[in-house]
Amino acid sequence: MPKGRVEAFSDGVIAIIITIMVLELKVPHGETLDVLRPLWPVFLSYILSFAYIGIYWNNHHHMLHRVKHVTGPVLWANLHLLFWLSLTPFTTGWMGENHFAPTPVAVYGFGLLMNAIAYTILVRTLIRSHGPDSDFAARIGGDIKGYISLAMYILAIGLSFVNAWISLGLFFLVAMIWFIPDRRFER
Amino acid sequence: MPKGRVEAFSDGVIAIIITIMVLELKVPHGETLDVLRPLWPVFLSYILSFAYIGIYWNNHHHMLHRVKHVTGPVLWANLHLLFWLSLTPFTTGWMGENHFAPTPVAVYGFGLLMNAIAYTILVRTLIRSHGPDSDFAARIGGDIKGYISLAMYILAIGLSFVNAWISLGLFFLVAMIWFIPDRRFER
Amino acid sequence: MPKGRVEAFSDGVIAIIITIMVLELKVPHGETLDVLRPLWPVFLSYILSFAYIGIYWNNHHHMLHRVKHVTGPVLWANLHLLFWLSLTPFTTGWMGENHFAPTPVAVYGFGLLMNAIAYTILVRTLIRSHGPDSDFAARIGGDIKGYISLAMYILAIGLSFVNAWISLGLFFLVAMIWFIPDRRFER
Amino acid sequence: MPKGRVEAFSDGVIAIIITIMVLELKVPHGETLDVLRPLWPVFLSYILSFAYIGIYWNNHHHMLHRVKHVTGPVLWANLHLLFWLSLTPFTTGWMGENHFAPTPVAVYGFGLLMNAIAYTILVRTLIRSHGPDSDFAARIGGDIKGYISLAMYILAIGLSFVNAWISLGLFFLVAMIWFIPDRRFER
């Protein structure tokens, strides 16, 4: 089964997720710069989540470029990833509107963790459908970056109740690690 | 007439439907886990509808992959299906916000029933345009899963006034039946 | 210049327009059928606009299928059409929430008129870019259906202040005329 | 790496941005033309931003048509452009709801400036990936229109505190300069 429509549907859903987050950035009443100032936590959360969703799109793009065919289980693993990604506008809005309070930061981190787990499941499902000796499986290799990310999300969730700013710093750090697209799928 | 744009437009509409449902999951006021707890019926409804729309996309994807050409009536039957699917965010929101009260559950089931009928009409229109002796028609066969689903939706609508949880269980059961993609359109 | 991305962008915008209209169908408070009843004008308006946007997508699809190439002016004429189509959720919402009061019905009709004029401009721009002796120009022919529609929209706008239901009837009548896709672009 | 999915994702995000701006045009209460009159600044802002986003889509379309391949840095430069474009509904809504007060007009101009800078970064990244002697680099040439636009945005931001209508006039003037698509990427 060709992969074109899976790419198109994923592009559509991810494009909508990344764009509707801006609806959380509600137009304030008043015409001075003062009314924009209280929006900074919502705006900072928006930047962070925009970067994360952008990273997922980017790596999804790189990975599917190397995929030969999609099977039923791959379709479901992909839909499962889209489900967790679709909750990002909610966790982003909750964290931003509560000015990075401990629990919303932990829940935001939990969302990132689930995104990462869902992505890992998709990767494993693709490896299974291509076979362990395939070119695709060889490119994935040890996936060290993936395991570091998972560990840092769990650390950030725990630390959010000590100091939520450390957690936020870890979220930005993981984003920076991933900003370099997945070399495994380039030439 | 080639089928590419029909797939692209359907992908677009279905991607938007599946994603705007999350807007019903409104960001709560307050920064503790307590404020998330009342959201569970909305969240559970979201999961159910996300699964259903995902199933429709998946089966639509499998079916159109086997379609040779699209005709005028097929375009309208497809648009008719998209119309009923587009009402899903509304019925999902109403059911979730009323904590699975009998009438909203029955209306949600009615929506699922209309989705299923609209899908059946699309299948029949495609069979007519390909001819009863076509490879496409042969793959459809008896459509037992379709008829079981229709019967279970009707049963669930009726039972919602006895016990809405039985209806909800039936909705999840039908989703599980369909989770295995339509083998008729695979190799 | 190839036409693929113009089709993709138009599909995207039209898919979003047709789907965000459902956001106007706000989830009511209360769990009985009584709370759904006041929604009927919003629902009826939604059906009408869904049909209209669907018709525009359908005819746009048929027409661009026959287009050989797109030029700068065609891109702008297409964007101009998308602009007027994008106002449909607004006029639909205003008409539905005011239960088909004269002025909102007239404004809705004005929106349909502008959609039709913008579509005609796109058709004329495409004819100019293909040349008056092209296969494309020959297929368009006299465009009688287009002129009848324009006349009926103007009639409906005027009659809305006499009886808005006559106008609404005319809107449905025009939709029915167009429901049969544009034969000029089929084989 | 082929450019198809970058075009598809960009089309999706830009299509959503251009369409969700209309949600800021809220359906008014009341059924007379009087209730529409106060909406004119929101409507005028919508027209201006629709034109701007349309221009960006158009030029993006023309430019990527000439691109041979996309690299990692190009993906990020493109995502960076989409980020700034995604803030347009927010600045548009704020300017419209405050009837073109000085600060919102200046912030709107700042948004346009950042869009233009992000577009320039994308152009420079594409030139670097194609090489300074490539056909692509030769087509870009001196980019006089780009520099005039940047200067006029800065001028408009400064003048907004003198007379916001002059700034608005400059925004429309720049839009008109760009309305003619980028000839550099046509035959």
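We just call them A, B, C and D in the order they show up, numbering each chain from 1.
To be clear about the criterion, contacts are C-beta pairs under 8 Å (C-beta built on N, C-alpha and C of every residue); 3 or more make two chains touch, one makes a residue touch a chain.
Quantities reported herein were computed from a predicted structural model and do not represent experimental measurements.
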{"item": "Copies chain A and chain D - rotation angle from C-alpha fit, nearest 5 degrees", "value": "90"}
{"item": "Interface numbering overlap (same over half, different under half) for chain A and chain B", "value": "different"}
{"item": "Gap in Å, rounded to a whole number, between the CA centres of chain C and chain B", "value": "26"}
{"item": "Chain B and chain D, separation of their C-alpha mean positions in angstrom", "value": "37"}
{"item": "Sites on chain C at which at least two other chains make contact", "value": "8, 12, 15-16, 20, 23"}
{"item": "In the complex, chain A residues that touch chain B", "value": "1-2, 5-6, 8-9, 12-13, 15-17, 20, 23-24, 72, 75-76, 79, 82-83, 86-87, 89-90, 93-94, 97-98, 101-104, 107"}
{"item": "Interfacial residue positions of chain C with respect to chain B in the complex", "value": "7-8, 11-12, 14-16, 18-20, 22-23, 25, 27-33, 36, 47, 50, 54, 57-58, 61-62, 65, 179-181, 186"}
